[in-house]
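These notes open a run of structures that come right after.
Below, chain A partners chain B and then partners chain C, in two separate complexes.
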Partner chain A sequence: MTGYIIRRLFWLPIILLAVSFLSFAIARFGPGDPVAVAAGQFRDPEVLARVRAERGLDASLPEQYWRWLTGAVRGDFGESFLQRGFTVSELIFPKMWVSAQLGFVALVIVFGLGIPLGLIAAKLNGTWLDPLIVSVLLFFRAIPVLVLIPPLLWLFALKLRWLPVGGWDGLFDVYWIGGVIAIPIPDPHVYLPLLAFTIGGFAGVARLVRFTALEVTREDYIRTARAKGLPEGTVMMRHILPNSLLPVVTVIGFALAGIIEGAFFVETLLGIPGIGRFLFEAVRSRDYDTIMAATVIFAGVFVIMNLLVEITYSFIDPRVRLGASR
Partner chain B sequence: MTTTEAEATRVTEAPRGESQWGLLWRRLRRKRLAMISLVIVAIIYAAGLLAPFVAPYSFTQQNLDRQLEGPSRDHLLGTDRLGRDMLSRAIYSARTTLIVTTAVLLTGSLVIGNALGLLAGYKGGWIDNLIMRVGEIFAGLPALVMLILINTTLSPRAIHAVRWIEDHTPLTGLVSSGLPSYLVVFGALSLFFWIGTARLIRSQVLQLRERDFIAAAESLGARSGRVIFRHLLPNVSFLIVLEVSSTLGAIAGSEIFLTWFGVGVQPPTPSFGAMLFDGSGARTFQAHPHLLLVPGVIVTMLLYAFVLLGDALNDAIAGR
Partner chain C sequence: MSGTNRVLAILLGVLAVLVLAVGGLSAVLLLSGGEDAGGGGSSGITTGGAGGSGTKGGRAAQGQLRLPSSDPVTLDPHLAGDALSAEYIVEIFSGLVTINPKLEIVPDLAESFDVSPDGKQYTFKLRGDIFFHSGRPVTAQDFKWSFERAASPELASPLAISYLGDIIGTRERFFGIAKNIKGLEVVDDKTLRFTLDAPKPYFLAKLTYPTAFVVDRQQVEANPRNWTRQPNGTGPYRLREWRLGERIVLTANDRYHLGAPKLKEVLYLLAGGSALTRFENGELDVAPISVNDIDRARDPNSALNKLYSTWTDFSIFYIAFNTKVPPFDDVNVRRAFAMAIDRKKIAQVTFNNMVLPATGILPPELPGFTKNDKTYSFDPGRARTALKQSKYGDRLPPVVLTEVGGGAQAGIDTQAFVEQWKTELGVTVEIRQTDFATFLADQDAGRLQMFNGGWIMDYPDPEDILDLKFHSDSRLNDVKYSNSALDRLLDQARTERDVEKRLRLYQQAEELIIKDAAWIPLYFPQRHIVVASRVKGWFDPPMVIPRLRFVEVVR
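Right, the complex of A and B next:
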């Protein structure tokens, strides 16, 4: 077990190194001279050379990579070319915090809503409701957030005026009852992004849970459980549910990927000052250092989360360790 | 995926007298939703294929007197900000979808994915290790983020390279045809769309290669190439069909998302992504809903059709 985890952990720095090298190489290979941009109108060769030296851009590529890498490990991603006077980290980390809050809540909703719904659909198997639920779930998976958000925004913000047009004001508002008791209620800004983040993911989870629950229901031990007279609720909670949840753990990674990738579009469309919108603006203005830092951080988070999922899975299902090379 | 693998072998043991493909088609034809989806996909792809013949206007033709009009007799789906015909733009966008999905499928998913999957599964050893580890690195990355990075940095280079080809060969009009951005988009997408196929094929081949008919072929002196193409490939063909139906939607979606982000197919080449971008925004939607609804409805229908088709195909292969 420990050996397995150590082997997996051994892969982590290698993958991260590969990612960082790839993004560095791609970014440096990109067009445009960042120094010329930073120097503005002063096209004096002396000035250019000085800026280049300040930025360490006169060194050879391997040397630059090494310097960038050692800085990046310490959380120093250089200075943004787009917003001068700010380091990339100063710009990125507050925005990551916003995205992380939303992403975490979204992940909880995806599984908290998807699992019960999948079980209900499995329970309804054989009735006319089951195919209807499945088709609706597939539709939720298929509709792109790019198509979904503008009409929702129009409906709830402009027509009904229930929600703000966009922006961000923290996850929770505190609601005081009589000035004494504080109750946290969700901030009105979070409903639309959470809906957009979760709609595809929860449909996917529900579909998977429905499928595995149906498979599990056909197993002999379920028939045994029913035959010995266990109440239906106990069969569901003690036998069907735990066994249907196994494959669900594996899709946490996918769900997370969906949320991370969705962040670009959802945050941009709804004006949420998170990492996704930040990257969108950086891409639009070709701010390579920022793009690179964001890519590496994104990839890092992604790889580490996947590793955690894999380790969790090997704890839950011992077969994963044994059958490492299926 | 494990269930589809197990069930895919069930089809190979179908009753004799009818080809397996015939059986599959018969099962599929019974599913009404699958047939509707197939028709939708066929219509959109046919429109893309025949774009120059069916589009009423050119996709660049501007008419600044008639901006942002709703549907009318002249412009069935209305006009956009520059007075361009929305129907024609949609038809040419379907062409972009057609080109990108076909190219990525052929290069990334079908050729690279299958070849590497077959090779890794059949050869095993260090070849298998190498292919799977490289795949693991790619699979471990958030594809969309990497695609955005690759596309931002490489598309100017691609334009440069294609312009060089134009200057040094008799070929002309390559840059204006949108070729460079197509190249970058499907080059980058192919990088990420071979892994799924390779893994699926490999795991199937791992089971197949222990079967007697492979041993028989090998003992008769068949070389690896012959074993792979004559004996293994036909036996994984169902999986390939399944894989195609499930990745097509993902590829089409990725192109739309990338273009929306500004790093996909570049203007003036039309794409649903660019059209959706023009129509997004609550106030835009309030004033001119057709800007978003035209591409939005088509894209959603296409992606939904792909998902339903994949689902039905999965069922048909599983014998349901």
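Right, the complex of A and C next:
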């Protein structure tokens, strides 16, 4: 397995190189450039040419790409046009961190509620409760975030006045007891985004778990296990749960990779300074270096999560052997 | 069911552990990173209490004003070209002259200035009591260094030539030919002299823009990349905190030379959803009103109505024709298009009268503005006649209108225009939407046949729109309009020193442009806002000027 992991990691830089080259090419060959966008109303061609030269945008494309690459290898992702005086790293990592905090908590809730709910629905298969749960889940799954947020805002912020309308002030507020013990309490700003993130999400997970659990329950070995007289709890924990978790692990892996990408709609509607909204702006303004850095980081995280998913497979399912000779 | 319960219990246990782990992690971060970890990756910038040895005279500033906003593109006055950045910059920094709430150009860091008889030399005398926030006195050398930095090739500011280009030697400095700006000399510690390439009556107006502001040489040289995070300015407010994407806090500069601010602190909230919803929830003191809420604000019975006000803006929306490209190379076609649309009706129906139908090119309150409507009014009969008189008759080549947009739907007023051109003129206009960057690239390359545009005035002088957008020599003339009679008027106005005479020249120029229909002026946008009753003295000027020190917040 170690060999397999090393081989996969060997491919990582090559994949990143390809991704960076592609996103470089797409951005540069797209119409418009960040200098014109940043200049606003005063776009004297002679002045813009001077600004481009100063920012190294007049060099040949291979030269620009090489300059970007050598910088990126050293961890220097360049400087943003959207926010002058800040390096790309200073801009995107804090925003990714905001998105990741929210995304991670949302994931924990989504899977923490989704998995047991799915198992319960599977268990209740055949009774009237199962179709009820499924249809309620379908209902939640079908609400787009765009539609969901305004009524949530109206209810919790304007009507009940329990929560602020939007914004971000960190995940937790810390309350000190006697100046010694710190108790983290979720900040009031996090409830609405979490609600928006999770309502559709946990329904999706629950449906997936229900489906795979039902599949597994019909397998012969489950019948055998029950026939052996194993207690129902053991059948559930030993046999049904691990075997129905394989697809869930895949979903978790990719979802974990996705949390750093942020969520444009939730972030925009609730005013959260996350990476989703920022990247949208960056693409709109042709902020080359920001686009490049984000794409490459996302690609890297995705590859690593994918690898972790495969490794987890081999633990959950002994039949999966990584790198076994084909 | 006991099995299920156990599974549930275990899973909930796992969940609890995870939640605690996240909580613990955050708590650790909070403890290690001070107050910053809540926002994550330390973009928080807190400047220490630089300078300011307490209040001198008068009562201390008090109160906190909470405004919705976003991150400025930059706080470097010499690089900023957008209104949002300027809004912060004019409060933190200042220049020789400024614009007061009555929109008059008045001395700021300068005490007085003299203009030579030929109108080419400006001599500024600095005040004796001017200091950076750090306490260091501001001298004429600081200004010279600041101007030369603003125009330096290394800074490559896209605004340097536009704002400082009238000073002899600015272009040479910008393009790396000269090391200094020749037309800028320090006479003594408190005296500064500019020599211009021609008498330019709008030169003073340009000096009110951030490009001409003074910055602290020591600070910039010590930290050229990051100094704007704790800028040492000369304005009525100091930057106390800037957390990217979260908040900006300004605090009163009690030693401000034009009078200490009454308002102690201004909190700009950079995150957060709908501003009006937050305003109604008591989280903000000022909020803009959108078209969705305008009826509520106008309803005399609503709570919002008492807090609602409308303000003009020095800007204009228009439709521009490329006057060198068929069919708009024929003035009759342009006139026909202008007369076939009913802007008043469309302003009423699609914008709920939140914009004023344009009466010309110069917006209200701008020097030179006249009340009478100079534009072509809606007249389908004359429009059809004009089209028939054109060299194209009614057989026009394909017409494409380009606008910025990303949706599947065109701007609602654009749809109305297209509909009217179809019904009144029988002309089918295709709408093409592009994103902003593409739009700019196409516009600069002269690839657009007809487009939806907007212009925001940068300084209160008609030159800033009429000359820049329509003089045949101007690089910003993106409609390729060229009219020697107009050029003569504009040339004359550039150097005319009699104010009244000069404004009349611009009014003639405006009429000429409208008659030739190089643009169809559409609307003058208006600002619709609500202001909490605890805020006193709030005003929304038609352009960016320092204003926070005139505002008060009462309990």
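Here is the rule we use: the second predicted complex is superposed on the first by the 268 of 326 C-alpha atoms of A that agree within 3 Å, B and C clash if a C-alpha of one lies under 4 Å from a C-alpha of the other, contacts with A are read in each partner's own complex, and residues count from 1 in each chain.
FYI, contacts are C-beta pairs under 8 Å (C-beta built on N, C-alpha and C of every residue); 3 or more make two chains touch, one makes a residue touch a chain.
Nothing here was measured: the structure is a model prediction, and the numbers come from that model.
> Based on the superposed arrangement, let me know which partner A:Phe298 touches: chain B (first), chain C (second), both, or neither?
Once the two structures are laid over each other on A, A:Phe298 reaches chain B alone.
> Quick one: classify A:Gly233 as touching chain B (first), chain C (second), both or neither.
In the superposition, A:Gly233 contacts chain C only.
> Determine, under the contact definition given at the top, whether A:Leu269 touches first (chain B), second (chain C), both, or neither.
Both partners, chain B and chain C.
> Who does A:Phe202 touch here: chain B (first), chain C (second), both, or neither?
Neither partner.
> Between chain B (first) and chain C (second), which does A:Leu279 come into contact with in this model arrangement: first, second, both, or neither?
first
> Of the partners chain B and chain C, which touch A:Leu138 in the superposed model: first, second, both, neither?
first
> Let me test your reading of the model: by the given contact rule, A:Phe77 touches which partner, first (chain B), second (chain C), both or neither?
neither
> Of the two partner chains, chain B (first) and chain C (second), which one does A:Trp68 touch, if any: first, second, both, or neither?
Touch status of A:Trp68: no partner.
> Between chain B (first) and chain C (second), which does A:Phe24 come into contact with in this model arrangement: first, second, both, or neither?
Once the two structures are laid over each other on A, A:Phe24 reaches no partner at all.
> Would you mind checking which one, chain B or chain C, touches more residues on chain A?
After superposing on chain A, more of chain A is contacted by C.
> Based on the A-chain superposition described above, do chain B and chain C contact any of the same residues on chain A, and if so which?
Common interface on chain A, chain B vs chain C: 30-32, 153, 157-158, 165, 269, 284, 286.
> For a test of understanding, state which residues of chain B touch chain A in their complex under the given definition.
3, 33, 136-137, 140-146, 148-150, 152-154, 156-157, 160, 203, 206, 249, 253, 256-257, 260-263, 273, 276-277, 279-286, 289, 292, 295-296, 299-300, 303-304, 306-308, 311
> Which bits of chain C are touching chain A when the two form their complex?
Counting only chain C, the residues touching chain A are 2-4, 6-8, 10-12, 14-15, 18-19, 22-24, 26-27, 30-31, 37-43, 71, 73-76, 79, 81-82, 153-154, 156-162, 174-175, 225-226, 228-229, 244-246, 269-274, 277-278, 280-281, 283, 434-442, 444, 455-456, 458, 475-476.
> Which of the residues in chain A end up touching chain B in this complex?
Listed in rising order, the residues of chain A that touch chain B are 11, 15, 18-19, 22-23, 26-27, 29-32, 134-135, 138-139, 141-144, 146-147, 149-151, 153-154, 157-159, 165, 211, 215, 257, 260-261, 264-265, 269, 279-280, 283-284, 286, 288, 291-292, 294-295, 298-299, 302-303, 306, 326.
> Sort out for me which residues of chain A touch chain C in the complex.
30-48, 50-51, 53-55, 82-86, 90-91, 93-98, 101, 104-105, 108-109, 112-113, 115-116, 119-120, 123, 153, 157-158, 161, 164-174, 182, 184, 187, 231-237, 241, 269-273, 278, 284-286
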